[in-house]
Every structure is written in C-alpha cells, then in structure tokens.
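There are two complexes below, and they share subunit A, which is joined by subunit B in the first and by subunit C in the second.
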Partner chain A sequence: MVIPDYYEFSSRALIMAGHDALEQIPGLLLSMDAQKPMVITDQGVRRAGLVDILLQALDSRITVKTIQDDVPADSDLKTVHTLAGEYKKYGCNAIIALGGGSVMDTAKGVNILVSASSDNLLAFSGANALTHTLNPLVAVPTTAGTGSEVTRVAVISDTDNLRKLLFTSDFLIPDAAILDPRMTLTLPAPVTAATAMDALSHAVEACLCLGRNPLSTAHAHEAIALISHNLLPVIRQPDHKPGRLALATGAALAGMAFSNSMVGMVHTLGHAAGSVCHAAHGACMAVLLPYGMVYNLHKTQPLLADLLLPMAGADVYARTQPADRAQKAIDWVDRMNQRLHQATAGAHAVCLREIKSQDGKSRVTGHLLPKIAHTALGDGSIFYNPEDLDYDDCLMVLEAAFDGAPLDPSRVKKG
Partner chain B sequence: MTDFMEISPGRHHGKRLYLACMLWFFGRAVQAAARVDDGVKSEFAAMPDNFTFCLGAFPSGPYMVVGKDAHGRVRHLGSSLADRTIHLHLMFKHPALLFRVFAFQENTPVANARNRLYVLGDVPQACAVVRIIDMVQVFLLPRFLAKRAVKRYPAWPLKRRTLIRAQVYARAFAGL
Partner chain C sequence: MIALNHFLCRTKTAFGTQALTHLPFDLSGMNARKPFVITDQAARDAGVHLALARACRDTHLALGVVTLTEAGDLETLYHLFVDKGYDSIIALGTGQVVQTAKALNLAVCHGPERLRSPAGPGQIKGPLLPLVYIPTHPETGQDTAGETFFSGHCFVSANLMPDIAVITADTMLGTPRTAVLDSGLSSLATCCETFAFSGNLFARSYAHAVICLVMDTLLPLAQQSDHGELLCQKAGKLQQLPLAKLAHAAAVSGYIQSNLPDLKTRQAGAHITAIHPAPSAALSSGLCMALALVHLLENSKDTCPWLGKLLLPLTDAAHYAGVTGPEQPDASVRVIRELLHALSETLPQGMPKTLDAAGLTSRQISEMSDLLTYVQP
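The block that comes next holds the complex of A and B.
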C-alpha cells in the first residue's frame, strides 16, 4: 500500500444496521427534532409493501405528513422541484428516503431546495457548491447496491437538456442510513444480482482508481469480501436475512469507499450507457467491471492482485502464484457474472446486448455505441481512471462488452 | 499591542511570478492551438459561443482566462477575473498546489484525485478543458516533461508533432 502524500476521507452518516433497524427511526427523528417527515419513495417500493413496513415501525410520536411515490427510475429535475413544493405545502421538517439510488438522489435534491428555500437546483450543481447544512435526511435503502445512503454524491437528470447533473458535497451525506434486511427480502433475483455487482464495482474501482487512499481501500476490501461471500447464497435463498444484511452492509461500505476515492472508467461508460440508452445502471456495471479491470491491468496489477483475497478467500489466494493473482481476480468477476446468469435463468446480463427493458427489448444497440463513447468523454469519473481514455478507447471497450468478447490487453494504449 | 512588531504573512514571490509567467504563456498557447490544431479546435467547437473559463489558484490567483467570443474565436483574455462572467472555474486550492502542476511534479488528474482543485461549472465542459490543457502541454513541453504532465503521452502523427507544434510555439510568442 502506497499512501498518497495527501488524501481526504469523510463518512459522517450514522449507520443503523440490523434486523430491527427500522424501529430505531422514531427515536432518531425525535433526537433531531424532526417529527414531521415526508416519505419519498417509488411505486415499485410501495407495491412491494415496503412503505407499510416502514409505517408500522414508526410510532405515534412521528407524524408522516405526506408519502410521495412518483419518483421515476432516473431521478430528474422536474420531480425534485415538484417534491420540494409538496414538502413546503405539507409543512414537513425532515425526509425519509425509502428506495434505491434514484429515490436517494431525488431526496438529496429535494433536501437541497427546501433547506436553502430555493427554487433553482441548478445553482447547487457541481462540486462543493453547497455551503450550508441541510434538513434531516434518513435514508432507508431497498436495494443493496448504490451506496447512496452514505455518499456525498447525487446524480439528477436534466431531461430537457439531455444531461446528468452531478452534485457533490459533504452536506449531501444523509444523517442516518438504516440497513434493515426486511427492505431487500422481496427484491427479485436479477435486481439483487445487478445491484450487488454495482456495489462490487464501487469497491473495486475505489481500490484501483487515482483517488484511492488507505481508508477507502480498507472499506472497499471489506465490502468486496461481504459481497463475494454472500451474493450467490442470497440469490439461491432470497429470504436469507443474514445474507441480505451482509449485502446491505457491503453496499454501504462500498459507498463510503467510492464516495471518498471516486470511481473510474466502469462508471464512465456505465453512466453514458444509462444516459443514452436508459440501460439499468447495475446491469451495466456488472458487464463493464471486468473490462475496466483488464483495461487498467498494466497500471494496477499489484492492487488487483490484492483483491483476489477478499474475492476468492485465503485458500485460493494462497494457491495462486503472486504473478497470476491479478488475472485470477478478473477471471473471478467474469465467473461470478456467469454464475449469476445461470442462477437467474439468463436474466442477469453478461454482455451489453443482453441488457433488456421491462418489455424484453435490448436497451443497448450497436448503432448507439459511438454515441455512448462520445457521451462518456463528458463524465467526470474519467479523470479518476488510472489509464487515459479517448473516444477510440471507449468505443473499443464498448464494442467488446457489447458482444461479451474478451478485451485484448495488447490493444490498450499504455501511458 | 504596540509593544509587538507586526509580522506579515510570508509570500513566495518567486513562485508566484513563475506561475504568472507560465499561465500567461500557456493562455497564449491555448489561443494558438485553437487556431491551428484540429484536436483543440474540435474541443472548442463543442463549447457554446461567449464561453469563458479560468484556470488559477484560490484565493487571489494568479489566473489564466480564456474565452470563446460570439464569433466562435478563441482568445486569451489575460489574468484578471474582474468584470467578466466566468462560466467554468478550474481552481487550485492554493498557489503552491498549482505550482506542483506547473513544475511538473504532478499531473492534473492526480491533483484532482487528491482534492487539490475544485471545479465550478459544467462537468462535461470541464472535461473538455482538461483535454485541451493536456494537448497544449504536449505541444509546449519536451517529451520527458510532458510524460509527467499528462496521464498518457499521445502517439500523434509526425505533422502534428512537428509542423503544428512549431506553429503553436510561433503563434504563442507572437500572440496570434
């Protein structure tokens, strides 16, 4: 481990994790003098009955003023402004975000507006544009993937201008993250697989990219171990509560890691594919992760070799020659994708062309790859990638990932 | 209080002068490259007209201001932020941190990864500006220094490495 000559690490979210964690929310809200929360969620979460479980956990001391369940799959500017209006209309003084990454990011956007009494979210976009503390925000993730419940980041779509706005600030870290396995028990296997691979990609990129530091790496290694050892057992036995809690903890740890070290080309290309094709983020991450590892192999070999230990365990690590460990870690991710593909009866995508919409159509089509590559050049995560990427590099990786073909390391331009 | 001698905080005048000179010449080189190099031209072409960005050090400079006017012409606008609308700030948190980059001790992506600078403005435009900075560094610096300044030294064709580079240098000196 080479310690950088300067680094920063911040993770101030209170983590409340356990099989009855939801029941801690009333006391938490009271301690923050926030008895009148707004619940922000989406319709899928509501249909799954998770809002009811949350409401049962809240006692009479807490008055939920309104439940807003219109958050789209991609958090967007209009929704944020609408919900901020509802927050004011109902006289709320806190937010409970109940959902996946989109709900979390929407809630962060709403919190910016209502805390600043502003009606212009664009004024706060970019890095560190926020200069004040926000109202209480309690994050209850219903997927084990994005880590948004502990990150200082929010991504919100500006659909009118076809762009994604990035917000980063320590003030965006929620006051508390509630990790309760009841919230993920009903998650379908393909979604569990894709979101967990999203978390794994956070952890792996946190270890490999330019912003890595000893604290983010420590969090990321533990995240990789928890996800690696629990993902397949949970896919085979979805109601396995300890496994669900381990995945949720792994996702939160990975969130803390990448929130401080940032991420690289796997997210650069994944964000662009999501933006251009509306492909599910977790599925893109699962497919692109091994490609990012191969692309950066020449610059990160010792770091990648270290990842084999939390991924495959001590026996495999000890049996593998040191020079082979990095490649073995890449192979392990490939094999995990294959096993998830089999365990979900083919629903877990192993190449970009297999990422489907709900009506079964391919989200990513070959003729859109150049547009994805072009869009990727405008994603801020590109700077954190160990190796440089230009348009041709992005297209080369996308073309390989589209068909699931191996990426030839000799074609990677080395700096 | 009058019993004590007032001590003013020290300033590194030499470093500041070095940075001011580097930024001045670098700004002229950006303008020159925008006239003669297709790579830099295409990055500016994607930016809106009347777009201005600055690169500098917090809290009081030095700065380099470059803008694209209403006719799409790229100009080095000097070192003053006064009376200008700056659409994108690439700001190092201290002149000493900017010095590390211009003394080729650290490249811009590493400085960014180590939280030494902040960006105020549109992220895709910031990405384009960093690519322009990288290209201009490759034009201006000998290979052994440029390799420390950019993440990957590009494999440019001979014409770009020789003729276009000479044009960038000549125009930067002449202020064209």
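The block that comes next holds the complex of A and C.
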C-alpha cells in the first residue's frame, strides 16, 4: 500500500443509516438542545410527500418552526440570505435540510449566516474561513448521489456576478446525516441513475486522484461495490428498500471519500458543463466518468485495475488478465451507462449531446464546447487530476464525449 | 443490511511528514491560542516537545508544557490550566498522558466534581475544549476512543474523542517490541472482527484500511529489531515510519471501538488478562485478542457473514480473487495464523499461538464460549 507523505481525513457527521432512520431525529435534536428546527427543502421534495414523512417521524418534543420549500435547483446567494432572515424571524435553533445537493448547500450557507449572526456570506467563502462550530444541522438526503450530507463543502451561486462561491471547512460537515430509504423510494429512474453515477464518479475519482489516501480509498471501494451491485436492481425495482439503502450508503461513503481526497477532471469538466449549459450534474458525471478514466489510464493503471474488483466482482476480476483489468474497469462503466440507457428507455444520457432539459431540449450544444473547456480551466479540481489538462485537452475530451466517441489515448499528452 | 447503523468519528486524522506543521493552522481554526501540552518523561527526554515547539514557532500560539511525572495529580494540572488561562489541550504521548488529558478536559469544562462519579453515554452534555492527540508510540485504540478512565471511574462520550490525531514519524519514539505487537494485534483483532461480523459499512470501511496498514507494517517492524526485546531506544528512521503507520492503525481502531463497544475480541482480551494465572508482557492484551479472534473465526465459520471477504484486506485483490469463494473463510483464518507464527519467530522465547498454549485450561476456554462464538442477531 502506497501512503502519501501527508494527508488528512475528517468525517465528523454522525451517520444514521437504516429503514427507520428518520425516527432517530427527535432524540438527536434533543441531544443537541435543538428542539426548534427550520426545515429547508424544495418544492419537488414537498410534492413527493417527503416532508410529510419527515414530519410524521418527528414527535411532540420537536417544534418545527417553519418549512421553507423555495430552494431553486441551483442554490443561490439570495435564497440563502432570505432563509437566514426566516430562521431568525421564527426563532429557530437548528436546521433540517431535506433534499438533494442544492438544498444541502443552501442549508450550509444559511447555517453559516445564522451561526455567525452575519448578513455577509461572502466573508466566509473560500477555504477554512470559518472558525466556530455552527448551529445544529441535520441532513436528510433525498437523492443518493452528491454526498453533501457528509462533505465539508458548499457551492452557492452568486448569480448577479455570474460566479459560483465555494466554501470549504470541517465546520460545514453536518452534525448528522440521516440515510433513510423512504426518502429515495419515489425517485424517478433517470434521476436515480444519474445521481448514483455521480456518487460512483466521486468514489472513482477519490481512488485515482492526487489527494487519495488509505482511508478515502477504503471508503471509496466500499461505495463502488454498493453502487455497482445495487444500481441496476433498483432501477428495475424502484421500491427495493434494501437496494435504496445500499445506494444511499454508497453515496455517503463516496462523499466521505472525495471530501477528503478531492476529485479530478470528471468533475472539472462536469462543473463547467453545469455552469455553462445548466446540464444536470449527475448526467454529466455519468457521461464523463469513462473519459476521465481513459485520459488518466497511463498514470493510474494499477489503481484502475483495483477498481475492477468492487465493480465487477471477484470472478470477473480473477478471469481477467492483470494487464487488462484497468481497461476492463473502464469498459464496465461504459456498459453500465448503456444498461442504464436501456433500462430508462433512453432517458439516461450516454453522451453530452443526449443530456436534455425537462422540456426535452438538448442542454449541451456543440458550439458551447469551447466555452465549457475555457471555464473548466478555472475549476479547482483540475489540480488534483493525475494528468495535466490544458484548454486543448479539455476540448478534445468534451468533443469525444459530446458524440459518445471513444477517446484516442494516443492523443493524450503524457506529462 | 442491519436495521440501523450509527457511525460517528469526531476526530480528524492528520498523518505524515507535515502533520506537525499543519497543527497551528488547525488550532487557530478552533480558536485555540494557548494550548496546554501534557507529555511524559520519555517524550521530553527525547525532545519530542521541541519538535512541537518548533512547529508552533512564529505562530499565534503560546504553548505551556507539563511533564506528567512532575506535574503531580490532576488537581495541580487543573489549577495550572485555569490560573494560566489555557484554552486547549495537546496530549503529546500515549496511555496515561491521554487519559489525563481527557480527564482534565472534563474537569475544566464540567468542574472537577464531575470526575467523582462515572458517566455513561449521553451523560456528558455540551462540547469540551479542543483536544489534540500526538502519539509517541502505537497504542491500542483507547487513546482515540470516546472514553477515559480516571480514579477507577469510566467516562464515556463521543466528545472525549480528540479533535485531531496528529500522527507522524517525527514524534515516534523507540518502542518495546512487545508493545509493538500489542498494538498491531489489538488493531488487527478489533478490525478483523468488525470486518467479518459487523453490518456497519462505515465501520467496515475504516476497518479495511486498518487491516491493510497492520498487514503491511507489523511483521516487517517486528523483524527489524536487533536489540532483543527492545527496538532502539530512540527509534531510527527505519522504524519511525512503520511505527507511525501502526499508530495510525491504532487511532482508527479507536474510532471503531467508540462505535462498536461490544466487540467480542476486546471483551475476551480483558477477560483473559483478568483470569490468566501469570499475565505478562509476553501475553499482552493485544495477543489475547488475536488468539480470541482465531477462536471466534474458527467457531463461527458457518455463521460469519464476511469471513471469506476478510481475505481481501488481509492479502490483496489478486490473492483474494484467486481463491474460490468456499475456500476463502479457511484462507482468511490461515493468514492470521501464519502471521502469529511469523511474529512468534521474531521473539527469542516465541509466543503462544493458541489460547491453550497461552495457559488457559479447556474449562476456562469453554467458560468464555459466548465471547468466542458469533451468534447471528
């Protein structure tokens, strides 16, 4: 086992994972003297009836002061400030974040403001600008993907200034992550597929990228096994509770892994595609993951070969020649995308061109690829990628991924 | 999958060559300006506290250092801490140093009277002051677990886990080989049991990493010593890194212990140490745990859910996948037995490799059968 010269691993969220995990929340809030929570969620989550399930799990010891369901698909600065005002107005002393990545990030932003009694979120942006423990925050994810329920990161859009603000601090790790399969049972198949592939990309990048360490790798391998073995069964049988719990657990483990090792070019390009085209993050990750693996193959061969075991199982791993295992792991991800494409009647995109908005229009168009490539160069995750990327490299990968064409490894500049 | 899994690790692990130089930054992130450093004579004699002082030079930190033997009882430490206005604690050492640091933290935050009666889970409310743990030896996981023992009382709270475990070769001191074995075998038993029996996937992921660290480190370290029972008094460069890796494994095994307090091998280790006619350094609690582990795995082959898969962290992916599924449980136990045998070879007087050989009667062994058999929940 190769150990880096220096690394840190921190994952301070209390994790409660199980079929009735929501019922643990009242005791948990009481133990933190936080009986007056605000619930932050979005309208989709509310329409799906998940707020009702949450409220039923709470008991008379807990008084939900207000339920705020106006979080947009992309967390933004104005929403954070508005919700911080509501928190104070209703005299809340904790937050329950019920939703996906945007809700989690919004809740983290609100918690920064209300804990510091500040009205200037910008003052806390960047790395480690927080110096105090925040108010209690309980994260209840309703997708199994982003891992935000356990990460030390929040991304909040400053739409007026066309930028995304990044916040990183151990203090942003929620106090508790509640993984309850009831929260993902009604997730549509394409969303289940895309968010799970996001989690898979977290785990794979955690294993390959420069910040990897023994603890993040162990968490990531477990995550890969859980996602690999449970994703297709859950797509075929959406109400499969053990499978849903396994995917939620896999996403949290992947979150713990990448929060400590960082991610690389799959996210570099995916973040850029998200901010330029508003393409769904999970869909971008699914498409770009095999490209990132091919691009870095020459620098990560043994690490990639190791991934074949949790992905495909011991039999396939043993049957595959050692020299072929890395390529087989890449092929496995490709095949998983193809299977998800079939299982969702084509809704799961296998190339960037196929990523659609809700009204069926293509999100990523060919003429935007240069802009995405340019934007990617400003993303911090690029520094953790095993192989260097410049503008031409980014564009080359994006062009291949746009059509779903294979990436020619001989065109990768090997630094 | 089990109905409900909990996992909490409050501690940030910082491992490696720059771990000490990062510490001032971490302390400032916790608003700590005046840390109270508790250490022991061996660490002080070796000048380890000077490495810490160097790392904090030209920073906002004002360190105070006390050596446990000269500092006297906790009351003295308490008054020193309060009178001088310290705001955080650094435990530079292992064992007694850390137990004292945790007790001091309780006394400062909850009043010295808090230490007069034990406290179980949930009884210690509210945060404690920042506590940094910098081990000078590999230990057995107790230092990072959320518990402390003081004046015959046990105090349990996740808040007693250190905020940061700073683990670096720079602070590793020469360690008796028996202590190395105690640490490595204790971590191995804790984590093999966790991996083989627990459905808690978070605990199992940590356990996986620990088993790999121990399997990489323990035997080579035991074989390096050319000083009989002792590794060199001041660990040389060759020993320092593997010692730090073992200390890392022990720290993580402490996180697991905090979350899985009922591990059978730990209970068996304590039980055997208590009933054994002549407990000695050669029959450490870690060795007792490892011997109990072998019994536990052997007795539970048919009921142990992940005994076959245990072969993966014990060896590597290629080895694991090369053994057929039905053969994997036996292969896992064999790897542990072979390790015990190889470790025994490094000791001039050898070491027992079974509970019988350790001197336990068959009656004593059968009396503890519930600790040596896994029953499916």
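Structure notes:
Assume the second predicted complex is superposed on the first by the 415 of 415 C-alpha atoms of A that agree within 3 Å, B and C clash if a C-alpha of one lies under 4 Å from a C-alpha of the other, contacts with A are read in each partner's own complex, and residues count from 1 in each chain.
Just so we're on the same page, a residue touches a chain if its C-beta (ideal position, glycine included) is under 8 Å from a C-beta of that chain, and two chains touch if they have at least 3 such contacts.
The shown structure was predicted, so the numbers you read here are calculated from the model rather than taken from an experiment.
Considering which of subunit B and subunit C touches more of subunit A, the answer is C. Contacts of A:7 after superposition: both subunit B and subunit C are touched.
When the shared chain is aligned, subunit B comes close enough to touch A:209, but subunit C does not.
By the touch criterion defined above, A:317 lies against subunit C but remains apart from subunit B after alignment on the C-alpha atoms of chain A. In the overlay built on the shared chain, the residue A:127 is in contact with subunit B alone; subunit C does not reach it.
Of the two partner chains, neither subunit B nor subunit C is touched by A:114.
By the touch criterion defined above, A:262 reaches subunit B but does not reach subunit C. Of the two partner chains, subunit C is the only one touched by A:19; subunit B is not.
When the two complexes are overlaid on their common chain A, residue A:388 makes contact with subunit B while staying clear of subunit C. Applying the stated contact rule after C-alpha superposition, one finds that A:309 touches subunit C and leaves subunit B untouched.
In the superposition on chain A, the residues of subunit A contacting both subunit B and subunit C are 4-8, 128.
Put simply, subunit A touches subunit C in their complex at residues 1, 3-21, 24, 31, 128, 130-133, 169-170, 213-215, 217-219, 221-222, 226, 242, 245-246, 249, 252-253, 256, 306, 309, 314-315, 317-318, 322. Interface of subunit B with subunit A (complex): residues 108-110, 112-116, 118-128, 130-131, 147, 150-153, 155.
On the subunit C side of its complex with subunit A, the touching residues are 1-19, 22, 25, 28-31, 122, 125, 127, 158, 201-202, 204-206, 208-209, 212-213, 216, 245, 252, 312, 317-318, 320-322, 325. Contact residues of subunit A toward subunit B in the complex are 4-8, 126-129, 163, 166, 209-211, 262, 377-380, 382-384, 387-388, 413-415.
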